[in-house]
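Look at the two complexes coming up: chain A is in both, with chain B in one and chain C in the other.
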Partner chain A sequence: MSGLVWLFATVFLVFVMLLYFLREKDSPEFMQSYDVPQVLESYKSGEIRDLRFLPYSIFSERDWNFVQNEQSPFLHRLFLEERRAVAIHWLKERAAWVRAIRANHLQRSRYSKNLNVFAEARLLFLFFYLLGLCRCLLLIVQIANANTLRSIALHFEAMTQKLVQIHLGFSNYAPTEEKAGFRS
Partner chain B sequence: MTMSAEVQKAHDDLWRRTLARVPGDLNRMIYLASMRDYNSGRYHHAGMEAHFGYDAVRQALENAHEELFWKLTRSSLEELVAELSLYVDRSGESPEELLRTWQMIQPYRVAIPMNVNALAAHLLLSNLRLALEVLRNRRRESRQSR
Partner chain C sequence: MLTQFIWYTGILLEVLVLARGLQMKWLRRFPCFYSYLLFVFLKSLLLWVLFRWIPRLYAQAYWTARFAAVIIGCLVLFEIYRVALRPYPGTARMARNLLGGVIALAFAKVLVNHSYGPLWWPAKTTAELERNLRIVQAVALVAIVALIIIYAIPRDRHLKGILAGYGFYVSCSIMQLALLAHLGDSFNRLWWYLEPFSYLVVLCIWTVALWSHSEETNPSAGLAHTVMEDHNALVERTNRELENIRMGLQGMVRR
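So, the complex of A and B:
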């Protein structure tokens, strides 16, 4: 019985921390202004798809092996520092995309008459999932070797690209009213 | 990116007659950056402008600059070290001086095209810093082993 209580207490604590974690206001330097129409235009033009190579390069095992073969402790440390900085930049940019798309979607769906509840729920889950994953990655990348995050980073990039794709699909909603020049 | 016929001709001419003579992609990118005015950001090549017109040449130079940027950004660190080594060898300067100067004042920062993705630019600059350290480390080891 006491085991069950501990389990519930732990789950409850994790839930509260997650809620706080996801709703915490971001510092100004974390929140970047992203023009959603610009993000979507970049996707349509192929620019965002062209950036898919970035996490492969940032978390490259080949580069890490190359640096290790150079047998220089200073170079190892420099490599980890540099890649950590680029990884953080990448995560912040992707998080800004997700937030911008979320805010834009909330605004557009307010004026839409043909909402699909299942699709909206799926999108909501995706927003929370991506933002939560991003926060976790940001924490882990500060303390661990960036290369250890390769698989999850590639997964995160794929899901973010998928979100942009889904949002493009939602852009076919027939809004009764639109506000121009929205920025997150 | 699709190019108009004039821009395409200028672009092909640039690669065939000018860039083909410059060894290595890093060298080419730095060369193209030198064609850009620091104040206006516009590219100039007097010889080509006489044949193809200012607008076509400006666009062709900008396109080529960005192509090389993306190619270098996608390169592995090992490939970039090879490119930097080639640049150092062909510069005509003392390798030690060049590497020290590059580490101190980072002149390669102005070789990046203007309108590229900031994250991609960050990655390339970061890789160049690493490549510099790799070369300096190798030279140090080579001196110590003598």
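So, the complex of A and C:
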């Protein structure tokens, strides 16, 4: 009986894939979205460096402690609402960047004649992982609030770091102060 | 009466698709697919002759022809891979590795089964053997479709139709053969109608998809320069881009 369930699961997977395959648009607009996206342009222009302070501010506990000390319910509510909105916007933006980088990479790698299958598979995994991470964080921010994210995000961060160290050796690219910060 | 209607309609649709392919010279683009269709058409005629005049040979011929159809069906899958991924060597390489993995898994399963019994194939009947081969086809199909979706490979109407039709047929076959093996004779009578009906649905999909002309999708000329790009350099650059975003995500927990 369990064999039958597995078979039906396989068939269900085929149906879902075929439906997705048929529904996915193959219009000129769809292809154009794979040209170098605008978000990447802003990223390449160095804007990302200026925006890097955002996650520190959005998810930091300093402001939250300050608001709590004020003991104003209105300020408390306003702070949480605004913080949530900013966090959601920031996470959506990050997800858009990951998607843009993925699209840009896949567009080029599909033509690559010397494609390294393992490197490509690792990158595909990382794309899905980061997008999943963004979605999880979005869900958490929407259900709870940006301030309760810290402990959960620590777990994700540890997993990301582990993945990166094992598979990609990203630590070579990270600035020294970032590595030091992680160790502390 | 219903069986005869399904049978005659099926033959008619097969002739229509073959004639249209011949008329529009689409046989050159999909030689394996049209060979498969021709084989099924001739098989149907031969089985009809046997059923009518030499019924004692029918059962044996039926299962032999079905098995041959499964083998030729693998060529259809290969053709989907070839036509869809020909202009994209990178994705084609990924697909080759993925399909190689699927075949290796299937062989591993055969070897494991061999250690438990005298048969080298993991099936007691022809129906079970066909079901197992269809499962391998289904997994290969999922792998190809996943790569086409992930790499946003352009697909035209014909390719979509052939893939959707064949995928539907493989899925239906797996379900029906699994139920046949599980329920036995009680399902046999229903299967007698279900099997030709599902193939008729597939023929309808193919007739609609392969009736009108479809623009062949070619890679954009503007992207031609990327063909020569070194993949290692590309991976390194993407890693660096992702690293920036990852650090941003990590940033939320640093303070």
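Just so it is clear, the second predicted complex is superposed on the first by the 102 of 184 C-alpha atoms of A that agree within 3 Å, B and C clash if a C-alpha of one lies under 4 Å from a C-alpha of the other, contacts with A are read in each partner's own complex, and residues count from 1 in each chain.
The definition used in the following text is that contacts are C-beta pairs under 8 Å (C-beta built on N, C-alpha and C of every residue); 3 or more make two chains touch, one makes a residue touch a chain.
All of these numbers come straight from a predicted model, not from anything done at the bench.
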| item | value |
| --- | --- |
| Partner chain(s) touched by A:70 [first = chain B, second = chain C, both, neither] | first |
| Which superposed partner A:11 touches (first chain B, second chain C, both, neither) | second |
| Which superposed partner A:105 touches (first chain B, second chain C, both, neither) | second |
| Which of chain B and chain C A:78 touches, first, second, both or neither | first |
| Touched partner set for A:124, first chain B, second chain C, both or neither | second |
| First, second, both or neither for A:142, with chain B first and chain C second | neither |
| Which partner reaches more residues of chain A (counting touched residues only), chain B or chain C | C |
| Touching partner for A:62 - first (chain B), second (chain C), both, neither | both |
| Chain C-contacting residues of chain A that also contact chain B | 51, 54, 58, 60, 62 |
| Of chain A, residues touching chain C in the complex | 3-4, 7-8, 10-11, 13-15, 17-18, 20-22, 24, 26, 30-31, 34, 40, 43, 48, 51-52, 54-56, 58-62, 94, 97-98, 101, 103-117, 119-121, 123-124, 126-127, 130, 133-134, 137, 149-150, 153-154, 156-157, 160-161, 164, 168, 170, 173-174, 178, 181-182 |
| Residues of chain C touching chain A in the complex | 88-91, 93-94, 97, 131, 135, 138-139, 141-142, 145-146, 148-155, 160, 163-164, 167-168, 170-171, 174-175, 178-179, 182, 217, 219-220, 223, 226-232, 234-235, 238-255 |
| Footprint of chain B on chain A - complex, ascending | 47, 50-51, 53-54, 57-58, 60, 62-63, 66-67, 70, 72, 74-75, 78-79, 82-83, 85-86, 89-90, 93 |
| In the complex with chain A, residue positions of chain B that touch it | 70, 73-74, 76-78, 117-120, 122-123, 126-127, 129-130, 133-134, 137-138 |
